[in-house]
Amino acid sequence: MIRFDNVTKVYGNDVLALERVSMEIGQGEFVFLVGASGSGKSTVVRLILKEIEPSAGTVYVNGRRLSAIPRRQIPRHRRSIGCVFQDFKLLPNKTAAENVAYAMEVTGQRRRAIRTKVPQILELVGLANKMDKYPDQLSGGEQQRVSIARAFVSQPPILIADEPTGNLDPETSVGIMQLLHRINRIGTTVLVATHDKEMVDVMRKRVIALEDGRIVRDRVKGAYLDEV
Amino acid sequence: MIRFDNVTKVYGNDVLALERVSMEIGQGEFVFLVGASGSGKSTVVRLILKEIEPSAGTVYVNGRRLSAIPRRQIPRHRRSIGCVFQDFKLLPNKTAAENVAYAMEVTGQRRRAIRTKVPQILELVGLANKMDKYPDQLSGGEQQRVSIARAFVSQPPILIADEPTGNLDPETSVGIMQLLHRINRIGTTVLVATHDKEMVDVMRKRVIALEDGRIVRDRVKGAYLDEV
Amino acid sequence: MRFNLGFFLREAFKNMRLNLLMSVTAATTTFMCILVLGIGMLVNAHVSDIIRSIGERVEITAFFPEDATQQEIRQAREEVQSWPEVRESTYVSKEEALQRFQESLPEIAQNLEDNPLPASIEISLHDPADSQAVADRLVESGYFAREDISYPAQTIDRLNTITGYITWALRGATALFLISSVLLISNAIRLSIFARRKEIEIQKLVGASDNFVRMPFVVEGMVQGLIGSAVAALVVVWLNFFFVDWANRNIPFFPISATAVDTVSTMAILIAVGVIIGVAGSYLSVRRFLKV
Amino acid sequence: MRFNLGFFLREAFKNMRLNLLMSVTAATTTFMCILVLGIGMLVNAHVSDIIRSIGERVEITAFFPEDATQQEIRQAREEVQSWPEVRESTYVSKEEALQRFQESLPEIAQNLEDNPLPASIEISLHDPADSQAVADRLVESGYFAREDISYPAQTIDRLNTITGYITWALRGATALFLISSVLLISNAIRLSIFARRKEIEIQKLVGASDNFVRMPFVVEGMVQGLIGSAVAALVVVWLNFFFVDWANRNIPFFPISATAVDTVSTMAILIAVGVIIGVAGSYLSVRRFLKV
């Protein structure tokens, strides 16, 4: 589903964010990506979205080499991935509901489908009463949950979440993780970059650990800090 | 130092963010503000900064009633408070070092002082090698640490941190909390809004818990979830 | 993906409402530019019209020889009137000539014994540039001698030269206004889209295609351009009516004509310019931020 | 807090470098507006100058009575020449008058017995609007009879009316350009500052005073205005030299004068307009976002 083949990413000329990273995430897997601040987690996410290009090596998603996807087909590629961004990336001129709806609209779905689906998903993340608020009228955690809802809503085959619970209280975080777990069980491949030690330890899923841009650990049923 | 007197904040006409909140934080105290997402923590921070006005009740900071501070003196008031914002609020056109320096420049400090102080403080938060990067060239956690450095740098009598470790790995978080602790020990009043259960539990400081805009708990040596 | 016009329209209007300041600013910019452009077009049209009617006042006078018969005179008059370059021709008999002379220089006329003045034909042309050709033709026709044909050659030459230059200057000014409008309006659009570049980036990151991102902006550009230029066009047309009316009442001797400006096509051009710049400006400005 | 000019200048230039697109756009907008405004000023100056020199060509002719003595004629000439309204006066003797008549109407002149033409004085004025007053004065002076004074009253009236209106129209056009410039440039500034409203908010939240936030923007506005308008002013002055030179070579008969435009004050005005709008526009646009 997602394969990194000796991927190196250098920002500018001097910042080595990823160094010869190779990994493979199969269909339907649930993977945690952990590592200190600045270790390269978000860079992995951005590579998968083809937001940036690797400096060396190859990234495959859905069996396709990303460097071979022409510009015109990038939107299609991205629509196959639901992404919770670390900085939320909500559209400031759209309400919570509209932000979520937008992810369905880009796929050309019918208004009827959008009208029924969006409230359901917002209900699921506990924002039923905030549907018509604009991002700057929402608290940090609420914005994060809108971003989560948007990533879920069109049920993409791949779901990536970059630090999805950083602004959420432990209780809500558990709820979100359960949601991710459920989504994973219906066949969605899930990749979660996180610092939430407790969560990682509880879930007992595959853990890939980055350190200074290199993979230092890859355990099938790992913890945040495994015995090495 | 900071006193809330029956403070109510209603956003728009319908969103009750804080309801009759009364609390007092003395000089040199270290207080955690906890509560679920949307419970009103950031609203408390924004009220203290006089970014917003309460709908009812009074806020006192440094012994002054905030509603009595004229527009012209708001900057002075804000300079007495270092604030780590939940969404970092870094200036996009300034490097990490310039962002930190800006907080000193607004107070009219000499360039020499700025030149020596800024690298020290960035070193302290582990960003010595990212001084000249712009915010969009920094990882989420790195941006958060720049925001922290900026709040510290001019050694204000009050330090407020809204979710300062949301994007940081546990190890770095511990470092930041130790830093806050040290700063508190030299007499600075510290208020930290956070979801970091582990941190709150370990530090054993005063904890004020919000729930739906009301204070539901205020323990001198509390934990994230205290026995009620 | 089906082309979702309703969605794009809704998006565009919602955005315009939310970014009211920007929309109003862009529309105002369009309004000002199109207004100045339109006034330039008015001036252009009226000056051209004035030049044309000044040209019509230039006259060629051909004096008949003393021995010309009534028959010859009649034939000559008929022939001249039939030429396409000729707008009007008037016959001035010996008697009329004397009368005119007496009116203009009575002191000298007193001293005249008999009538020394010849009969003549006064010819006004559609285009004074044809004067030389018509003079030649008068000689060829055999009724007149070269030295009996009088026209203000130098004046006509100068008039032609200057009206030629004025026409070019006016075209240059209109071109300058047009270029300025294109630049200024697209600058305003570029700035207002620059303010929203993050939005474009986000839209691309959640899977929107280039066109999907672009369409609402293009519709916005179109609507802003349409509103700005339509209002400006109405003002321009009103100004024209107002001016013509005023001129006819206050400077009736000056050849200001209501027909100098084709209001319908002027409005059409102005609105087209506004809309095209709005659409093209948005299209191109958005493109710069689509590379995500 | 001390006023940190160095800091503000550094800030301004850093921001301009980082927001190059915006700075260039704002400066381009200023350039275009000031260019059009400047060209408008050129046209204004040259047309006024042309109108003035056309006015100078209007002449009053006063015919001396047949019995005027040489003495009277000399006194009359001296007196007329001393009047402040009079730009130039020329004496035309009986002989010169006859010679001119022979040149212009040889056929009639042949038939004249002796010289019926009177001596005259031709007077050109500084301002054709004074014609009536000068004519009255000529009568008062006692040398001339009312009916022996000839001036193209109707032509002068019309000329005065029209030049009056043209002057007003040109002032109106300049005002329109000026208003447009103010609006368009401040629109551009407003949009570019709108794009950075978040920055302003952040600056206020970390304790910057209004002036501290505003100064770099004001300096930016000043520099952009200065660059845009200085380049435009240079182009305008160059265009003027080019035009005057071209006109003197190609339409020498047309009264285009190098002294019609005061280049130094034109440049000063244009640059002042650009800088003032840049500064005021930034100042006011920033204010709107300072309320944090």
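We just call them A, B, C and D in the order they show up, numbering each chain from 1.
One rule holds in what follows: a residue touches a chain if its C-beta (ideal position, glycine included) is under 8 Å from a C-beta of that chain, and two chains touch if they have at least 3 such contacts.
What you see is a predicted model; the values in this text were computed from it and never measured.
**Q** Between chain A and chain C, what's the gap in Å when you average each chain's C-alpha atoms?
**A** Whole-Å distance between the two chain centres: 62.
**Q** Using mean CA coordinates as chain centres, what's the gap between chain C and chain D in Å?
**A** The separation of the two C-alpha centroids amounts to 24 Å.
**Q** Counting in whole Å, what is the centre-to-centre distance of chain A and chain D, each centre being its mean C-alpha position?
**A** Computed from C-alpha means, the inter-chain centre distance equals 67 Å.
**Q** Using the touch definition from the top, which residues of chain D touch two or more other chains?
**A** none
**Q** What topology does the chain touch graph have (line, ring, star, complete, other)?
**A** Here the contact pattern is a ring, one closed loop where every chain has two partners.
**Q** Chain pairs that touch, all of them, please.
**A** Inter-chain contacts occur between A-B, A-C, B-D, C-D.
**Q** Quick check on the complex: what are the chain A residues that touch chain C?
**A** Against chain C, the touching part of chain A is residues 49, 51, 72, 74-76, 78-79, 81, 83, 85, 89-93, 102-103, 105-108, 150.
**Q** Give every residue of chain D touching chain C within the complex, in rising order.
**A** Result: residues 21-22, 25-26, 28-29, 32-33, 35-36, 39, 101, 107-108, 110-113, 116-118, 158, 161-162, 165, 173, 176-177, 180, 183-184, 187-188, 190-192, 194-195, 250-251, 253-254 of chain D touch chain C.
**Q** In the complex formed with chain B, which residues of chain D make contact?
**A** Chain D residues touching chain B: 1-2, 4, 7, 14-15, 18-19, 198-199, 202-210, 212, 292.
**Q** Inside the complex, what are the residues of chain A that reach chain B?
**A** Contacts found on chain A: 11-12, 15, 34-38, 41-42, 86-87, 130, 133, 137, 139-142, 144-145, 162-163, 166-173, 195, 197-198, 224.
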